[in-house]
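Next up: some structures, all given as C-alpha cells.
Here come two complexes built around chain A, the first alongside chain B, the second alongside chain C.
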Partner chain A sequence: MSIMSYNGGAVMAMRGKDCVAIASDRRFGVQAQMVTTDFQKIFPMGDRLYIGLAGLATDVQTVSQRLKFRLNLYELKEGRQIKPKTFMSMVSNLLYERRFGPYYIEPVIAGLDPKTFEPFICSLDLIGCPMVTEDFVVSGTCAEQMYGMCESLWEPDMERQAFEMTCPVSRIIEFDRMSTTVDSKWDSKGIISKDGRCGNNTASSKSMI
Partner chain B sequence: MALLDVSGFGAHSDLRLFGAAPKHFLDPQNHFTFSVKRQEFAVPVGVDPSAFLRSCSREGGVSIDLNHGTTTLAFKFRHGVIVAVDSRASSGSYIASKDVNKVIEINPYLLGTMSGCAADCQYWERLLAKECRLYKLRNKERISVSAASKLLSNMMCGYRGMGLSMGSMICGWDKKGPGLYYVDENGTRLSGRMFSTGCGNSYAYGVMDSGYREDLTVEEAYELGRRAIAHATHRDAYSGGVINMYHMQEDGWIKVCQEDVSELIHKYRKGMF
Partner chain C sequence: MATLSVCQAPCGGFSFDYCRRNVLLEAELAKLERSVPAARKTGTTICGVVYKDGVVLGADTRATEGMVVADKNCSKIHYISPNIYCCGAGTAADTEMTTQIISSNLELHSLSTGRLPRVATANRMLKQMLFRYQGYIGAALVLGGVDCLGPHLYSIYPHGSTDKLPYVTMGSGSLAAMAVFEDRYKPDMEEEEAKQLVRDAIAAGIFNDLGSGSNIDVCVITKGKVDYLRPHDEPNKKGTRAGSYRYKQGTTGILTKAVTPLDLEVVEETVQTMDTS
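This part shows the complex of A and B:
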C-alpha cells in the first residue's frame, strides 16, 4: 500500500469572486480501520489564510506545527501578516529542505491578501513544487474524483451564495466514492472573504448518488 | 435441451468415447456434482491454470488484486437464524457499488452469503442453487443444509490452489432444524452457531459476542445483527452502504429490513459527532 494512502484523506480549495473556500475530510484511519472522525487537517495561518494538508497523518501534524513556528518568527520580525504568495514560498522551502527524505503530504493553501483582499489558492507536491491556479485545487486519495466534480461544478466569478453550495456538494460526492475518506465528517472552513470567515460547517457525509 | 444437459448426453460424450479430446483441454474431474455432466471452463492450450494464477498473486509481479472488502454475519438462536450483510463492493480503494446484494436466495429455505471475490461468490453460489434445484427434482424432497454446504465445499476443493476467493455462510432450515455452515475457498466447511466473514468481521464479532444470548427475542436478535454490521461498517473502510437482514424461520426465510448504515450509526453514537 502506498504511503500517501496509508491514512487516507482529501483536501480541496476553490476560488470565487472576492472569496475562497477550503474543505477537507476528518477521518483518521490506519488502512482499512477508522480510528477517529475528528482529525484536523486544515490549519489557520493568519486571519484570512488557511493551509490544508492531505497525506500521512504524522506529517500533517509535524508540518503544520513547524510551519506555524516559522510563521510566528516571520510575523515577529516583519510586524505584519504574511501574504499568501509569500507563505506558499515558505511552505515550498520547508518541503524542499527534505528533498531526499520528504514529508508525505500534499498541501493546499487558500487565503486572501491581508491588504488588498485578492483571493489566492495554490497547491504543492510533496517536495514543494508550487502550483497557483485560477479555479480550484485538490489533493489526496480521491483526487481524481475531486477533479471530476470540481471541473463540472466550478464557474468563474461565483458569488458567495452560489459558492457556498458548490464546495460542500462536490465534497460529499467525491468522498462517497473513496473508501478511505467515505463516511467521515467533512469539514469546511467556510468561505473566506474580506468580511472574515463565515461559518465553520461540519457535517457527516451520506451517500447521495 | 434441458433434459439433454441434465442427462449428460451430447457432443462431449462422443469425444470421450473416441478418446479424441486431449486430456488437458478439459478440466480435471470434479466430483462435486451428483449429475453426470462435468463442469468445463475454457482454458488456453498448454496452460496450467494453477501455475498461471500463482504467478498472478505473487508480490512484485503482476498482481490481480481480488476484492475482499465486506462484512457479513449469521448466528443461530432460539427462533431461527439471523443473517445480516453490508452492501459495499470495493475494487482496491475505489467503491464500485454501494448497493450490492450479498445474500443469494437459493430457495425459500436456503440462503447463501457472499464475501471475498464478487465474481467467484456469484458464480459458485448460483451454481449451487442450480444443483439444489436438480436435487429437489430428482429426489422429490428439499436438499438438507448439510448437503448443500457439502456441495459448495466440494466445488471449492476441486479448484483449490487456483486463486478462488470466497467466504460464504449457508443458512437454512431442514428436517434437523436451523442449519448454519461456513464454507470458504480452501474447502473449509464448519457447522456452528455464529460466524462472521469479510475484512470487517473482527468488529462484528466484538459486538455480537458482547450481546449474544441463546434466548434472545426476535426483536433483540434483529437489533444485535443491526448493531454488529453498523459498527463494523463504521470502523472498516471496505464495508458500508446498507444492511440487508434476513431471518430464517421454520417456514422459510423473511427479509427483515434494508437500512442505511450512516443513519444507524448516528442513532447508536449520539453525541459522538
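This part shows the complex of A and C:
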C-alpha cells in the first residue's frame, strides 16, 4: 500500500513502427471512493509529444503545470519544438530538484522527434531516474499486471492497426484487476504518428464493486 | 520554484520545499498503514580491475523497483571525462545525477587547468559531495580511469569514504563478484585476461544475486583509448514467443475517435534549376 494508490491511476506507453501510443485511465478517487471519471492524466507538451503522469493527483496537476511553464520558456528561447530526449532531461531535472521531498508521481513520456519522426518512449521514477526502452513503459498502481500483459502482447515493429488494439487491450485487462484504477472510461490519448495523432476513448468491460 | 514570479527562471540545486508536506503525508500514511513509494534502485553488481595497460570496469544491466525489474538494460557505466568512467550502484537517480554533476564540474576544471583531468580529482570531488549530504545521496561508485600518472581505480561509498585498490566490487552482488576476483586476480594481467575476469565476476553477481541480472557491460580504459562494450555479453537472452497473441480489430470497443492531422514543417528546401534554353 503506497501513497501512489491513494488516488490510483495507471499510465503506459508503447512503441510501434514509426508511431507511439500512450494511454491512461481516467479515474480520480480518494482511496476506495470514486470522485470523477474524467480526470486528465496525459498532457500534450508539443504536437507530437505527450507526458502521462501517474500518482498523487495533486502532484500530477502541479508537475504538469510547472513542466509546461519550463517548456514554454524553452520554446520561446529556442524558437523550436523540444526533442523528446531533451524533454526527458527536463522532467528528470525537475524531479531531482526535489530529491529529498519528492513529487509523488511516476511520469511516462511518448513522442516523435519533431524533425526525424523517430519514435521515443521513456519513463522516470519519482526522483527523476530516466529509463529509455525500445518496447513499452508502464507506471502506476497496476504496474505489475501491465508488465505482464505488455510483455506477452508487444511485438517489435507493430503496424498502426495492430497497435491500436494491443495498447487498449493491455489496459483494460489491467484495469479489471485493480480496484483503484478500474471502472471508469479509460482514455488512450493517442497513437501518435508523423501525419496525425488519433485519440480514442474506450470503455472498460465491467465495473468493480 | 515555489512561489514564483513569472520572470524568475528556476535556479539550480536541491529544493527542500516539499519536505514538510511529505513528512506530514508519511505520518498520515503510517496511520493508514501505507508506505512511501520506492525509488528505483540498481541492485547491481559493479566491479573494476587494474591491469597492465589500464583499467577494466564492468557492470550488470538490471534496475529494480521494489521486487519488479524496471529496466532490463540500463547503463550503469557513466561517462565522467574522456579518460575516466564511473560505475554506479544504489539509488539510480542519485548515481545518474551525481556522475553528471561531477562530469560537468570536471570539464570546467579541465578547461581551466588546460590539462586532461586526473582520476584523483574526480574522486576528491565525488567524496566531498557525498560527505556533504551525509549518506542521504545513495550512490556507491566504482571510479576508474587512466591519466598522466597511470591507471587508477577507486571505490566510493555513499557516506563519502573512498578506497584506492587494484580490484574493487560494489552493489548487492559484490560478494559474488569479489569471490571471483579473490580467486583469480593477479597483478599486471593482459587485456583479454582482465576482460574475462571482469566478465566472470559480473556473471557471478548476475546468477547468484537477485538484484543483478540481464547483460554484462564492460568498459576498457587505456592511455588514449576507451572501449565501451555495451553489451559485452548477453547471458540472459529473452526466449522467442511460440504463438501469436494478437487481438482482432474490434476487440476493444471505441467510444469516440478524434483524429487531428498535423502539419509537417518544411525542413529543407532545395531548388534545382533547369536549362530551358
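Criterion: the second predicted complex is superposed on the first by the 200 of 209 C-alpha atoms of A that agree within 3 Å, B and C clash if a C-alpha of one lies under 4 Å from a C-alpha of the other, contacts with A are read in each partner's own complex, and residues count from 1 in each chain.
Keep this in mind: a contact is a pair of C-beta atoms (placed from the backbone, for glycine too) under 8 Å apart; a residue touches a chain by one contact, two chains touch by 3 or more.
Just so it is clear, the structure is predicted and the values come from calculations on it, not from any experiment.
Once chain A of one complex is fitted onto chain A of the other, the partner contacts of A:34 are limited to chain B, with no touch recorded for chain C. By the touch criterion defined above, A:118 reaches neither chain B nor chain C.
Of the two partner chains, both chain B and chain C are touched by A:5.
For chain A, the partner with contacts to more residues, out of chain B and chain C, is C.
When both complexes are overlaid on chain A, the residue A:18 reaches neither chain B nor chain C.
By the touch criterion defined above, A:75 reaches neither chain B nor chain C.
Overlap of the chain B and chain C interfaces on chain A: residues 5, 185.
Against chain A, the residues of chain C that register as touching in their complex are 1, 9-10, 13-22, 25, 29, 32-37, 39-40, 63, 65, 68, 70-71, 73-74, 91-94, 96-97, 136-137, 241, 245-249, 251-265, 267. In the complex of the two chains, the chain B residues touching chain A come out as 69, 88, 90, 93-95, 98, 199, 233-238, 240-241, 260-263, 266, 272-273. Those residues of chain A that touch chain C in the complex are listed here as 1-6, 47-48, 55, 66, 70, 73, 92, 95-104, 106, 114-115, 125-131, 133, 143-144, 147, 152-153, 155, 161-162, 164-166, 168-169, 172, 185, 194-203.
Listed in rising order, the residues of chain A touching chain B in the complex are 5, 8, 29, 31-34, 37, 141, 176-180, 182-183, 185, 204-207, 209.
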